[in-house]
Amino acid sequence: MPVIIVESNKLDVDKKREYVKNLTKLTAETYGLPENTVTIIIRENEAENIGVAGNLLSELEE
Amino acid sequence: MPVIIVESNKLDVDKKREYVKNLTKLTAETYGLPENTVTIIIRENEAENIGVAGNLLSELEE
Amino acid sequence: MPVIIVESNKLDVDKKREYVKNLTKLTAETYGLPENTVTIIIRENEAENIGVAGNLLSELEE
Amino acid sequence: MPVIIVESNKLDVDKKREYVKNLTKLTAETYGLPENTVTIIIRENEAENIGVAGNLLSELEE
Amino acid sequence: MPVIIVESNKLDVDKKREYVKNLTKLTAETYGLPENTVTIIIRENEAENIGVAGNLLSELEE
Amino acid sequence: MPVIIVESNKLDVDKKREYVKNLTKLTAETYGLPENTVTIIIRENEAENIGVAGNLLSELEE
């Protein structure tokens, strides 16, 4: 039943596919559970909705 | 003050309305609190942002 | 794959059992998915870790 | 390493900028940590994805 | 209905009280909503459950 | 700024150390960011606070 929520900015679909494959494998091995018990949610936040060190990420990127 | 976050894929607005009504009632009864203390957030994730058993949900659906 | 996180205060185990049963049924029906795709996490927060209307819940309860 | 997730509805970018600045300052002071350790994520939920007191927020606003 | 979840390590109760008061005020002003619509959850994670830059926080603190 | 929250049951500290190291590396490579931008929170939920397929995990384990 591990559930993993990843909060970050945009990611292209090929990277998502690779990441989900590898993160599921790593998590299943760590917890000693079958891979089909692992659920992952990738959250792609807008840069203007992320604050780092007091600034919006959208402004740090300008 | 119960706060409930539901992570899933798309849902049409009529189902959301029914779900929020019934989930609020169930939660208020369970905790012995008035219905106006219950907040629900429904998160509609893209299928390519959900990983199940090592695969993107968008590919399992193909 | 619906994942539901419930944030609230303490709940006794009999109520948790009932709640998980009913919430799973309601969610499976809403999304048109089998019950074994639903995962629920109940978070029992200390009253001093909950803020409501600017006050700690632990002080409102005194 | 404080991470703060704010769930609410829409907010314009000038308010986000002010909020992130002030929330970072408040959090850094509270925890006695430098401001560059604070990460904030602002979640702008659609009104039809928020349930309050058993109703969709989108219907309460009508 | 703003809901704010703060993930960090331990905090003493006097700091929690001050933080909840000030964070509620800041959030209510930002969103133009009354203070009694704001809910805050403070999560005090064990240092061995926090990973920073590839290390457990419990080991960085040693 | 990737922030990863892992919801599961208990894990011993040696496994946490390995997991955080490997998950940080995987995430930094995926997003093309330095490892010191990755924060991980491991949540160890009690089995009686996890619902799977309509049952408490604590009862499935009995």
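For reference, chains read A, B, C, D, E and F in written order, and residue numbers begin at 1 within each chain.
Throughout what follows, a contact is a pair of C-beta atoms (placed from the backbone, for glycine too) under 8 Å apart; a residue touches a chain by one contact, two chains touch by 3 or more.
These figures come from a predicted structure and were not determined experimentally.
K.L.:
Once the contact rule is applied, which chains count as partners of both subunit C and subunit F?
P.N.:
A, E
K.L.:
Figure out the least number of contact steps between subunit C and subunit D, where 1 means they touch directly.
P.N.:
The fewest steps needed to get from subunit C to subunit D is 2.
K.L.:
I'd like to know which pair from D-E, B-E or C-F copies the A-F interface, where a copy means over half of the contact pairs are the same by residue number.
P.N.:
Repeat interface, by the over-half criterion: D-E.
K.L.:
Counting only Cα atoms for the centres, state how far subunit A is from subunit B in Å.
P.N.:
20
K.L.:
Could you grab the centroid distance between subunit B and subunit C? Build each centroid from C-alpha atoms only and quote it in angstrom.
P.N.:
12
K.L.:
Which subunit E residues sit where two or more other chains touch them?
P.N.:
Only 1, 3, 5, 7, 23, 39, 41, 50, 52 qualify.
K.L.:
Determine which chains touch and list them pairwise.
P.N.:
A-B, A-C, A-D, A-F, B-C, B-D, B-E, C-E, C-F, D-E, D-F, E-F
K.L.:
What residues of subunit B sit close enough to touch subunit E in their complex?
P.N.:
1, 3, 39, 41
K.L.:
In the complex of these two chains, what residues of subunit C are touching subunit B?
P.N.:
Its residues touching subunit B are 1-9, 11, 15, 18-19, 22-23, 26-27, 30-31, 50, 52, 57.
K.L.:
Would you pull the subunit A residues touching subunit B in the complex into a rising list?
P.N.:
5, 13, 16-17, 20-21, 23-25, 35-36, 38-44
K.L.:
Per the contact definition, I'd like the list of subunit D residues that touch subunit B in the complex.
P.N.:
Touch list, subunit D to subunit B: 7, 45, 48-56, 58-59.
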